[in-house]
Amino acid sequence: MSGILDIKGLYKNYGATEILKDINVGIDKGEFLVLVGPSGCGKSTLLNCIAGLEPISGGAIRIAGQDMTHVSPKDRNIAMVFQSYALYPTMSVAKNITFGMQVRGIDKATQASKLADVARQLQIEPLLKRRPGQLSGGQRQRVAMGRALVRDPALFLFDEPLSNLDAKLRVEMRTEIKRLHQDLGASMVYVTHDQIEAMTLATKIVVMKGGIIQQIGTPHEIYTRPANTFVADFMGSPAMNLIPARATPNGQGSMIEIARDGAEPLRLIEARHAGLEGDILLGLRPEDMHEAATRPGTPLQGGGVRVDVVEPAGADTYVVARLGGKEVTSRLGADTKARTGEVLEFGFDLSKASYFTPETGERLA
Amino acid sequence: MTDATYPAQKQSRALQIALRWGLYLMLSVFAVWYLMPLFVMLTTSLKSLEEIRTGSLIALPREITFDAWRTAWSGACTGVKCEGLQPYFWNSVMLAVPAVMISTILGALNGYVVAQWQFRGANLIFALILFGCFIPFQVVLLPMARTLGLLDIAGTIPGLIFVHVIYGVGFTTLFFRNYYVTIPAELTKAAKIDGAGFFRIFWSIFLPLSLPIIVVTVIWQFTQIWNDFLFGVSFSQAGTQPITVALNNIVNSTTGVKEYNVDMAAAIIAALPTLLVYVVAGKYFIRGLTAGSVKG
Amino acid sequence: EPQAEVLHWWTSGGEARAVSVLQEEFSSRGGTWTDMPVAGGGGDAAMTALRARVLSGNAPTAVQLKGPAIQEWYEEGVLADISAVAEAEGWADILPTSIAGHMQCDGTWCAAPVNVHRVDWVWANKAILDEHGITMPTTWDEFNAAAETLQAAGVTPLAHGGQSWQDATIFETVVLGLGGPEFFRAALIDLDMDALQSDTMKAVFDQMRTMRGFVDSNFSGRDWNLATAMVMNGEAAFQIMGDWAKGEFLAAGKVPGEDFLCASTPGEGYLYNVDSFAMFTVSGEDNIAGQNLLAELIVGENFQEVFNLNKGSIPVRNDVALDAFDSCAVLSSEDMVATSDAGSLLPSYAHGMALRGAQAGAITDVVTAHFNSDMSSDDAVQMLADAVTNSM
Amino acid sequence: MQWLERHVPKIVLAPSFIAALLFVYGFIGWTAWVSFTRSRLLPNYDLVGTIQYERLFASPRWEVALNNLFIFGVLFIGISMVLGLFLAIFLDQKIRTEGVLRTIYLYPMALSLIVTGTAWKWMLNPGLGLEAMVRGWGFEDFRFDWITNSDMAIYTVVIAGVWQASGFVMALFLAGLRSVDGEIIKAAQVDGIPTHRIYTAIIIPSMAPIFLSAFIVLAHLAIKSFDLVIALTGGGPGYATDLPATYMYAMAFSRGDIGQAAASATVMMIIVFAIVVPYLYSELRAKHD
Amino acid sequence: MSGILDIKGLYKNYGATEILKDINVGIDKGEFLVLVGPSGCGKSTLLNCIAGLEPISGGAIRIAGQDMTHVSPKDRNIAMVFQSYALYPTMSVAKNITFGMQVRGIDKATQASKLADVARQLQIEPLLKRRPGQLSGGQRQRVAMGRALVRDPALFLFDEPLSNLDAKLRVEMRTEIKRLHQDLGASMVYVTHDQIEAMTLATKIVVMKGGIIQQIGTPHEIYTRPANTFVADFMGSPAMNLIPARATPNGQGSMIEIARDGAEPLRLIEARHAGLEGDILLGLRPEDMHEAATRPGTPLQGGGVRVDVVEPAGADTYVVARLGGKEVTSRLGADTKARTGEVLEFGFDLSKASYFTPETGERLA
């Protein structure tokens, strides 16, 4: 049983469609849970259920140790930022932010000082007198944030709160949220589709798909040891390469054989895992495929592959090649020597590899 | 290559101006149609009885006289008293203002419940309340008279207010409910999270959004109540009769001499408060109250 | 001290002045008069209000009621007994018997009569008649002949307003004129089926059809006073209307016998429309005192004279001097006495004196439907019988 | 406390609901009961069977009234809706004189019909009004004498009815238009949708609830149109423009035949029920999916 | 004068506030213009002006060679995706997408096939019958995209069209948009706050701030040669480090001196530019500060700096240190040896450096 939030066997249907299936997850005080998953997988719905805004079809929700399954939203002591903002159209920005405090009977002075704080953090001081209709998308989103941040609830729920902000502001806001989390020990459930946000903020990540939880773990676990190909594919950008390969036991480890176009198969030795055998999927992140020349010292296993596409992107260059009959992306430095059509000597870092069954996509090792 | 209808701008600009003119023309034509009876009434009210008797009914007055207006306001006989509409005016005000307010507030709350706080059976209840709009008032007259007698408010202004509220609430609920269903549910959600309860959300979020529909409702209710005759005549007694009864007494005597000029003036005078409401309330037909509330 | 709340529908102009005479008299005798006027639809609206008042247990003290409606209300058990006043004042002696009959319920007095309107009047524009050499018609054939002459000369013979009660007014004068008092009584008071389906009744409808031809094409929905104005202005020659029409002529400064003529409609008999006040059961000494005082004053000589001078009607009492009254009123009064003796003093069906509402209404429906369509007289008679049966 | 809070919505709705049960359904029940009695001047409660209905359906006047209700109802509701909607849309085009025009379109509501009826009567009267006026301009053959024609008179009632009610419908639609999200209209404009299509395909569908309001208001007016007929035609010529409401009133109050009035009221309620309930059902149903 | 879109001296005020000031920009057929700038800088407003949805206060707009300044939106032949989606609430998803075609009288078969195409691209096939109210945020956004994509206009306007999508979908959508652009030669104006989107999609980037255009250029120009510190700071995440430094001429180049905490200043040689003198800001991207150990062969100039923060983020690790009195972030590999509090030997790649005046922030070299 978890401290702040504890969800047990939660189901949610809209009519006949099951949106959430058997959700079990909990967080302790001060934890930062990030929900990720493809668009439409039920993240917002889950937040709504936690907040009590949607009736649930089965299961139970406890907040701060109390059964809240049938408690009205206002008594759940949560703050929430809506994906759709949901600003009060007739109130000024300032009023939008202070409304909750006012309802709770917090005194004017506190209201004013909190408002001032939040407005500064969110850089919306000049906008306080405006109506939501007079704001830009990002400004609206910040006001929506402000509404939550002035509160001091048991639990914060954030639904993609930074999606309409520019990179700089986003980083700043991220920092604010992190600070809020650390300084106040606030507990949070946070939906985002931004990998960096997920990775940098979360103490725990939940990956969902089609209303079912795929994996729960720390960012590091999720990133390095995805529970299945879905998670592997979903987390990280560009995604983890899932390269069809054949494994045969080989002494203490396994030998991994990967088909190459117009050359004989690449043979790599996986020293850590002995049990691999038959058709497998080798999961390797783009950054774990190096340009052999730049990293001569590291324990990489090399192989030349013909480069299909070279796509420079600021600090990195993405290089696409065909391996095991699939396109494989590697992330190389901006100064890579890779040229389209030429063969590049790659270095594979199998110490970071994952292995999956091709059929179910479950993790093997 | 590009989309099928590609514009010819120069022409479209001219067209726009032409359309605009057409629009204003059309609006004016309708305005004339609407104004026609008022024109007849106004001109008649400014004529002398002599001129009405001898001249054409639909013509400008040969000589303008305001006597009829004066008589209608303070001199026309409505029974043994010949004090015009004046004494009845306040009865109507005292009746209409609270009745409109109460029924509007009730309707707003009901509509708010039905549109945003759906519970099982809410729609059925709404339908039942709504159906009440259709009950012929002639039908309710006698049982209601009995009820008012039992409640001991027969013949009083509170009794009349009661009746008007009962039979007005169906409409006000209808108006508000149908306006509120178009307001995104996210607003209620956000306010619930903010800790606001039922009434607070209503007061702080929904009422400010409701200006146009409040206007419509007030216009409807005020007109209905102010102009009501049947309830007014049945459930009042000497001293509480509303202005419509007085107007009717001036206009509708069967065998007395008909003074059309006074009739028309009286009708216009009786309508002035309603007109005032239209003009004042009309300002609140504001566009885009929900602007910027949610996306999607 | 006597108190009375009086529900009536005399609201405008002359009517109101007339009734205020009563109020003044009432006050001068120490009474408090609470006025509750409700005009409209010849008293329909007042009746509506009355019903609501009665049902809510809050009946007015005195109510303007007339004809069989008095008995109907009496049957509902809500009328008070004012026999004491009637006997003290000797009403039985001073009122024509047929009129007194209306004021009595099961032998007790329950209402006080105010005035007598004569309904079967023809009003005419003297100048037009003179111009075309026409005298006031005394038979319907004469009337038709005169009308045809006028029509040929381009004058609208009959000013009429196409409202059902006006149609009914013409109808009853024709019934009286063509059928005579006996027939009128059989058909429109006793609702005798044979009479209703008789050839006489067919002739009545034929005459109605003829009259329809004498009316201008814009008559529909016209108020009676606009029809009167047509006569006054020389746009039409005749109007058949009760003696309240006289008020319009007088108000326009016209003089009877000089500018306009009045005569009873062709045929013998007299159709009266008697206004009266019924007293409702009320509690409290003050109210009962008020009722009695009111009843006494209403039939009192002074009020009878002053009121009827204002209203254009004539007193119900046969002992009021008529010096102050105009020639038409004098004629009316004389005829009343004469017809009363001859037994041809009859209640007007069109004005709710002869029949109860349901039956009167059923007849009016047929009359107005016939008048406003091209229904044949045979059909009309059949329909009349059906409607009357259906209304029972 | 919790309980109270959870049930606030129901508690708020309760008084109106109870009032409706008592004063609408109770009274309807009462009326139905009385329709099976011989009540005359005042109601009595001794059942006598269906005789009132037999009388009702034997009455040619009731037949006319029912027919008129259908003609009048359909035309009045249809025309008022269309006209109201168009006026609202026109007024929504950033019209400079909106305030004045709106008041002009609305004012007929303010005037008591007992007097406006007279004005209309004059205008519709061929000898006094429009016909005379147009003829006066030299168009000698112009005819507009519906009000004197038994077959056409009901249409004059439609004209006056539309004149009175369309302004309010306009206001209702205007409020509805003003609640439509501006962004969506912008999106449609950019999508290349011509203005009339924006209205027909996007704005009007999203005003469906407002249509319901307008429909109910108009249906209510149509069914209860009493003053209108009384003031304009008095039900005439003959009883050619009688409506159930006038029939009922006449029976109940001028003829002292309350049983008959109750029967006609009951039939009216059944008709209303048959028309309104399916509409309500579909309208309220749709909100749920 | 440009081909497809040409904006001359455009001004836009809301009441007294100037939102857009003297905007001059144009694109040729087939160009892909990306608008970036901080939240509230006027990007959406500019799109609205181009679309004709907001009256402009001054200037002129030509589309496809025709003056469109006063033409109504529907005649401008543009397609637009709104930041707020603006879906037609009463229409199904399919109807939302096909409605425009239907109005244009395109035959049913074409409509159906286009719809099918777009639905596949956007992965919304199962949703076609739903109403917008029954969609998740990301799904709504995709429908909004679909509405534009079925069109074939002179110009596409996209306002943050991918902001609510998860990383994977986002990449896929980006590819679709790129394909659309390349295959059809469509012309686009695109607002985004996603740097990668901007970099990978744009043929031309416009950086705005407070309603004023700061720089127009190719992604490479903007990234490597920002016109001022604002652009330098704004583009790239984490932002370019702007390190206060002193320059003194030094033979063919300049010597750059940077203050270090608790050590003597770092001295670097800028060989490309001779004219630098006095107080300057040295602009250096995080990826141009390397871990000296990992890149021994490259022409980096080294220096040890004490590490303040080490922030791992999947493939990269961000390392913060103090230089010139400011926090400076460098992007190092996941396997960096940097440890908080220890001194790390950095390698600075001055060949990629920019220089700005501290006063106005204008680019020096």
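So that you can tell them apart, the chains are marked A, B, C, D and E in the order they are listed, and the count of residues begins at 1 in each.
By our rule, contacts are C-beta pairs under 8 Å (C-beta built on N, C-alpha and C of every residue); 3 or more make two chains touch, one makes a residue touch a chain.
Values in this document were obtained by computation on a predicted structure and should not be read as measured data.
A.B. asks: Looking at the contacts, which chains touch chain B and chain C alike?
C.D. replies: Joint contacts, listed by label: D.
A.B. asks: Shortest hop count from chain B to chain E along touching chains?
C.D. replies: Shortest path length, in steps: 1.
A.B. asks: Would you mind checking which pair of chains has the most C-beta pairs in contact?
C.D. replies: B-D
A.B. asks: Superimpose the Cα atoms of chain A on the matching ones in chain E and note the rotation angle, 0 to 180, in steps of 5 degrees.
C.D. replies: 180
A.B. asks: What is the distance in Å between the mean C-alpha positions of chain C and chain D?
C.D. replies: Chain C and chain D have C-alpha centres separated by 36 Å.
A.B. asks: With centres defined as the mean C-alpha position, give me the chain C-chain E separation in Å.
C.D. replies: Here chain C and chain E have centroids separated by 93 Å.
A.B. asks: Express in whole angstrom the distance between the two chain centres, defined as the mean CA positions of chain A and chain E.
C.D. replies: 22
A.B. asks: Quick check on chain E: which residues sit in contact with 2+ other chains?
C.D. replies: Only 72, 75-77, 83-84, 87, 104, 135, 137, 151 qualify.
A.B. asks: Among the residues of chain B, pick out those that touch two or more other chains and give their numbers.
C.D. replies: Within chain B, residues 3, 5, 141-142, 144, 197, 229-230, 248, 251-252, 288-291, 295-296 contact more than one other chain.
A.B. asks: Taking each residue of chain D in turn, which ones touch at least two of the other chains?
C.D. replies: In chain D, 5, 42, 114, 118, 128, 181, 192, 206, 249, 252-253 touch at least two other chains.
A.B. asks: Going by the contact rule at the top, pick out the chain D residues touching chain C in the complex.
C.D. replies: 40-42, 55, 58-61, 114, 118, 121, 125-128, 145, 147-148, 150, 153, 230, 232-240, 249-257, 260
A.B. asks: Mind pulling up the chain E residues that touch chain D in the complex?
C.D. replies: 48, 51-53, 72-80, 82, 84, 86-91, 99-100, 103-104, 147, 151, 157
A.B. asks: So in the complex, the part of chain B that touches chain E is made up of which residues?
C.D. replies: 1-7, 9, 12-13, 16, 295-296
A.B. asks: What does chain C use to touch chain D in their complex?
C.D. replies: 40-42, 44-45, 47-48, 51, 54-55, 69, 72-73, 75-76, 162-164, 216-223, 356-358, 360-361, 365, 368-373, 383, 386-387, 390-391
A.B. asks: For chain E, which residues are in contact with chain A within the complex?
C.D. replies: 14, 36-40, 42-45, 83-84, 127, 134-139, 141-142, 159-160, 163-171, 193-196, 199-200, 223, 233-234, 236-239, 285-287, 294-295, 298, 311-316, 331, 333-335
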